[in-house]
Amino acid sequence: MTQTLLETDGLTVRFGGHVAVDGISCSFRAGELTAIVGPNGAGKTTYFNLISGQIPASAGRVKLLGEDITGLGVAQRCRRGLGRAFQLTNLFPNLSVLENVRLVIQAHRQKGFSLFSMADSHTEMTTAALAVLERVRLDTLRHNTVAELSHGNQRKLEVALLIALDPMVYMFDEPTAGMSVDEAPVVLDLIAELKADRERTILLVEHKMDVIRSLADRIIVLHNGALVADGPPAEVMASDIVQEAYMGRELEDV
Amino acid sequence: MSDPVLSLRDVHTDIAQYHILQGVDLDVPRGGVTMLLGRNGVGKTTTLRTIIGHWKAKSGTIAYNGDEITSLPVPARARAGIGFVPEDMGIFADLTVEENMTLAAASGPLDPQRRDWLFTVFPPLRTFWHSEAGNLSGGQKQMLSIARAMAEERSLYLIDEPTKGLAPAIISTMAGALRELKRQGASILLVEQNFAVAKALGDTAAVMEDGRIVWTGAMAELAGDAELQERLMGLSMEAH
Amino acid sequence: MSSAPEHKPTFAAVSLSEQIGTAAPFLLIPVLVVLGFVAIGAPSSWLTLTVSGLAMGTMIFIMASGLTLVFGLMDVINFGHGAFISVGAFVGISVLMTLGGWTEAPSLALNMGAVLLAVVAAMAVTGVLGWGFERIIVRPVYGAHLKQILITVGGLIVIEQLIHVVWGPEEIFFTRPETLKGAVTFGGAAVEKYRLLAVVVGIALFVAMRMVLRRTKIGLIVRAGVENGEMVEALGYRLRLVFIGVFIAGSALAGLGGVMWGLYQEVITAGMGEEMMILVFIVVIIGGLGSVEGAFIGALLVGLLQNYVAFLEPKLALVSNIALMTAILLWRPQGMLPVVKAK
Amino acid sequence: MLVNLLSGDKPRSALLTVILLVILVALALAPFLFPGVRSLETAARICIFIVLVASYDLLLGYSGIVSFAHTMFFGLGAYGVALASVHMGRGFDALVVGAGLGAIASAVVALLIGLFSLRVRAIFFAMITLAVASAVAVLVSQFSGLTGGEDGLNYKVPRELTPAFRLGEIFGVRVSGKTLNYYLVFFGSLALFLLLLRIVNSPFGRVLQAIRENDFRAEAIGYRVVAYRTLATCLSAAVAALAGSLFAIWLRYVGPDTTLSFEIMLDILLMVVIGGMGTMYGAVIGATIFVLAQNYLQTLMGSASEATTAIPLLSQLLDPDRWLLWLGVLFVLSVYFFPTGIVGRLRAGR
Amino acid sequence: EIRIAHVYGKTGPFEAYAKQSHDGLMMGLAYATGGTMEIDGEPIVVIEKDTQLKPDLGKALLAEAYGDDDAHIAVGPVSSGVALAMLPVAEEYERVLIVEPAVADSITGENWNRYIFRTGRNSSQDAIANAVALGGKDVTVATLAQDYAFGRDGVAAFKEAIEKTGAVVAYEEYVPTDTTDFTAAAERIFQNMADVEGDKKLFIIWAGGGNPMGKINAMDPSRFGLEIATGGNILAALTAYKELPGMEGATYYYYEIPKNPVNDWLVEEHMKRFGTPPDFFTAGGMSAGIAVVEAIKAAGGAEDTEALIDAMEGLEWASPKGPMRFRAEDHQALQVMYHFRTEVQVGKDYGVPVLVREIGIDEMDIPIRN
């Protein structure tokens, strides 16, 4: 029984009257890749927001390595090992691709408050950043500004930032959305590599069934903010709730 | 089939100092769904933005219903009957869903029947009719963006990756909606990465590579020919 | 034709406090008035202060109304507004002075006729000025607040200097039309007649603006256009025309404000509009960007508070407006009734 | 070595390098190149405003924070020196104490204001700073017993820094305490400028740029945005105060109009934009051009209107008394032609 | 040649005053030199400098005038703030500065140095003159002034002086300098003055924009038997006085009041040159101009500052306001003031201040504060 890294306990948020996440209790173990599925608006991204602290919870707690982090801000949680990639691309548009990654590495190494050294003199950070870019095959574009990248490439950079952060808990929110079928595998292989490292745990929100089949050790299903199913892929995929509320009819027989 | 509703001839587009579209020739047959396919960064979005006019074509001609629109301002093209779903969805985050839809019906108030039909296709729109669009979920935003283009009768729809972030169930209903539009006689130019969707919806297809159209033909032909796909899009059906 | 599967998110009841919160701004005025009565005691003084405070409020609203459109809706930080106020005043007053016969006659009709002509002239001139301003000054800087500040300050300075060139550097003193002089006294309270006119104009303006923004898509188009102009055009709207139109309207309203303010002050200087700008910005901000109601309430609050505070503790009058703004922003960081989110 | 002094932030444009060198040399040798009283005043003013503008650019260009309270900090520094000199009596100790306290006070006030940026949006933050600044101006005029009110304060600086202190001649130029005073200003400004240059090129500076670009994401990768913003505000406030102290030492007078007025605030804003936001060198160029314009525009126009007396309206517009008109035009044109500032232009046009 | 520098705020809020002051100065020089613009054969050169109403610039410009242009005497400026910044420069360069028309007491008070002279009247002269004009047995006065040093000093001086006349100041109201709505102030004053017996006046000291008289008058203070009173002002501002016929106060200058050859010449010449009568600050400028010439004549040249100072201390000369005298102690020019009452006259679109009586130099004892 490997150790539990992340745990949410009755996690709830209301927007006005609308309960977007409804008392989700769930724990995530090291070396495990959990796919989170559910209809649009089920609360997947909001669940992430609550874990990473973007939105304050109305009720419930978040624990990292058994430690309660519900009260902490986004930045502190991140420093303790919660890493997050966003569903809607969210980068530093007018900085170069390289600088984007370099900033993350700098944050990871807590160099932010060094006032009187020259940033460029920290070559080790630059090399580290380049290494990450190679892994997502963006090194050729390193000097372009982000605004110049096509949508697909921005998605890849989004992933690159998370990898550069090297967290305990990886949270991917539809990493391959809008990525072309020849590019997607690059990212998926990366995620597979991360998975191989048994120290970490990975949360993956995805709508593409084939991706889930090939990567997930476990699936949890959210519906209208509540956790409605949790278990090994095959089983969960087969369940009615998923077939009904989520898959709908297969395309062909529309 | 009759004359194409839209045809591009040797269209070149620059963005800043970059020469992105390098001579695009493309016909969108009337009353059909044309898939625009290709790897990331080959110029699909740029093509759509050039057609609606957000990027100005440096040279070449764009003809719509036989009239040249290459130098028309954007609003004029829209009022000529072109609906546009941008890649970034372009929803007005500070406005409510209702206000987004009100604006979408540019030539008058939103027709209630059409609205209800859109509700059946994208149920969350009803649920969140009065909430701020910026608070919608990724998929819901995508739905709103598509619904907005459908708020009025259009004769040509330019749709950029509509299925990204949509759950399978919604994808199939949306596919149904697009078919419905087609049945009403509209033409659709659809950029899509989800090959299953492309296969299910497309009548004809055009594949881009480095700012040019490198292959056009029937979607069925492309779908049937794995080796062709491999060559054009580095994709093999086996993997999926 | 298929339809999507069921989708029923769970809804809980909205708490009472939240419901009250939405109504709160509308309660501020009555609450303040009552507090005023308690604090002031002497009914006649209270009456005078309240009535003239509200009147001052409507006058401020008239000057702010244009800015709610240009700054509130269009998100343009336009210091030129101050110059338009001044120009409006100079044009209007010049017209009044040429109509000496009408203004000195003790006839309400003639006096009002003169004022009306002055207002029309002022709004026409400032409207045209606004059109030129939008084309030359503002167009290149939509969406860039800083540049807006600089370039419109530049425009402000230029226009003020041109006023010097045309009308000379001296302040121009004059007296109001006969029937607008003096005060009406009732119940021991005395309120300048002119303020009552201001109230009428202000309320009329308020109602008119509310109607237009409610009944038309203009408000929506502008707000959406500020957020994503490309998309608005892709929906078929001629955004440029709408923007120009709204900007012209805003400028013309500044002109109206200028005439009204000039008539109140009975002395006009090129800098008079600029001097009002901070106050006017405060009103638009505490009201909540883009909200006519908000600006109206904000203006009344400012007018009332100024009078009450100045009566109760003049020292505090120095900072009453600043304090008001800070307090309201701490309570509602987006202003009282925000329509547009601040950047 | 030199690169290190510039913190690796090279001008990256031949022309820009030349211009900067010219300015540097001109300022360094000002007392000998332009012996006139007026020209030395101008030179000193340029030095001080370079620092003031650069410190503002740290806030505006690098952190994307818009504050209208910068002149307030400038004023705090100036009044610090003034009050110290008045109450401790003429002496270097007074100058040091005054400058020190001024800087500290500024940093503290900045900290308080900085906490506002937690609550309100950028644009409202700007308005609040505007309000605070005007409140301070009111206080200064209220406590006239202490501050001299509208009239300001006159005081004496050490004799070594006044014209009365004669040191003989160099290259036929009379060297006096005023010359020393100028070099105090010059080297003080140079040091402060290089310090700022280092800060913006440090890892800290990069974080500020990241926050300016996308504060939401900056927070999400582990930077506590508020902490960084606040520190930036405090730093820039402290430097502005020191610039104010230099100004006070040079002028031997402080008053609301010289240090606190909104006009100066706008001038600073314009200098940043003319020079180019987010580049320290922009401050150098912006300040130099603007101060020169301010001081010599009128003289220039005088001769211009002489030349055009024939054409009625034009000569009227060119009347020196209408110099503000042209300043306004300068505002407009600078935004037109230098959307990225002069430095941006020069670098792009390589 | 004799170089006179006129350092003053040509541009900025006081542009109008500045112009008057400069015209006056030039006419004064012309008058005193019999139109030759020469003193004992030495031509007078006037150098103009614009402080833009900025103290630091004023300082720099005065330094430039003395240092670079080597001016012998400087005149100006309009604003007290600028003047105060300029004072030390005169001392540094050991040259004479004649302050005109800045009014702050401290210029000839604590900030004074021996190179400073002032032809313009100072605030206490204004206040005291008004006190003498308004004061008297069983007169009760309320004051309204701006809430900053200038306003408070003015009221203090006024109070001190008027209480000597047996009147009492029953109430003082101070409002922010930029006040535009005077309702509250008026209400407070009314409340405090309502049940005072006898002859009640409201004395208003106001500098710069805004027009409290008109607004308070519109609230009908006569309901409480309260009369408004205030000092003089430029012609344009007298428009507001038209609504207050019979109002009394003391003024520094109105062109129809003084009866003397200098003023006759000024009015006639001004009409000739500009087609308008001379205004408030024109007279001051002229006084300064004449003073400069007389001083230089008396000192036998402008080169020697010490000689100038000796000559100027106690110097008496004929100004448009009749004889003026620099008193030796603080170099403030003593001068008559005029007690006036406003009248509405046909053909004049402003309230005309008509002389009630001239307040002689020795009727006002102006404190020496340096």
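Some notes on this structure:
Letters are used for the chains, namely A, B, C, D and E, taken in the order the chains are written, and counting of residues starts over at 1 for each.
Convention: a contact is a pair of C-beta atoms (placed from the backbone, for glycine too) under 8 Å apart; a residue touches a chain by one contact, two chains touch by 3 or more.
Remember, predicted model here, so these are calculated numbers, not experimental data.
Minimum number of contact steps separating subunit A from subunit E: 2. The chain with its Cα centroid farthest from the Cα centroid of subunit C is A. Relative to the C-alpha centre of subunit B, the farthest chain centre belongs to E. Simply put, of A-C and B-C, more C-beta pairs touch at B-C. Chain centres here are Cα means. That of subunit A falls 45 Å from that of subunit D.
One inter-chain figure worth recording: subunit C and subunit D are separated by 34 Å, centre to centre, where each centre is the mean of the chain's CA atoms.
Here the CA centre of subunit C is 38 Å from the CA centre of subunit E. In subunit B, 124, 169-170, 172-173, 176 are the positions where the chain touches two or more neighbouring chains simultaneously. For subunit C, residues touching at least two other chains, in rising order: 2, 4-9, 164, 318, 341.
Shared contact sites, meaning residues of subunit D that touch two or more other chains, fall at 138, 142, 324. Of all possible chain pairings, those that touch are A-B, A-C, A-D, B-C, C-D, C-E, D-E.
Residues 13, 15-16, 19, 147, 173-176, 178-181, 183-185, 187-188, 191, 209-211, 214-215, 218-220, 223, 234, 236-240, 242-243, 350 of subunit E are the ones that touch subunit C when the two sit in their complex.
Remark: subunit E residues 10-11, 15, 50, 53-56, 59-61, 63-64, 67-68, 80-81, 84-85, 87-88, 92, 104, 106, 111, 147-150, 176-177 touch subunit D in the complex. In the complex of the two chains, the subunit B residues touching subunit A come out as 16, 18, 38-41, 45, 87-88, 124, 131, 135-143, 161, 164-173, 175-176, 179, 193, 195-197, 200, 233-235, 239-240. Listing the residues of subunit C that touch subunit E in their complex gives 42, 45, 48-49, 52-53, 56, 164, 168-175, 181-183, 185, 190, 192, 194, 264-267, 269, 271-272, 275, 303, 306-311, 314-315, 317-318.
Interface residues of subunit C facing subunit B in the complex, by the touch rule stated above, are 1-9, 217, 220-221, 223-224, 227-228, 230-239, 340-341.
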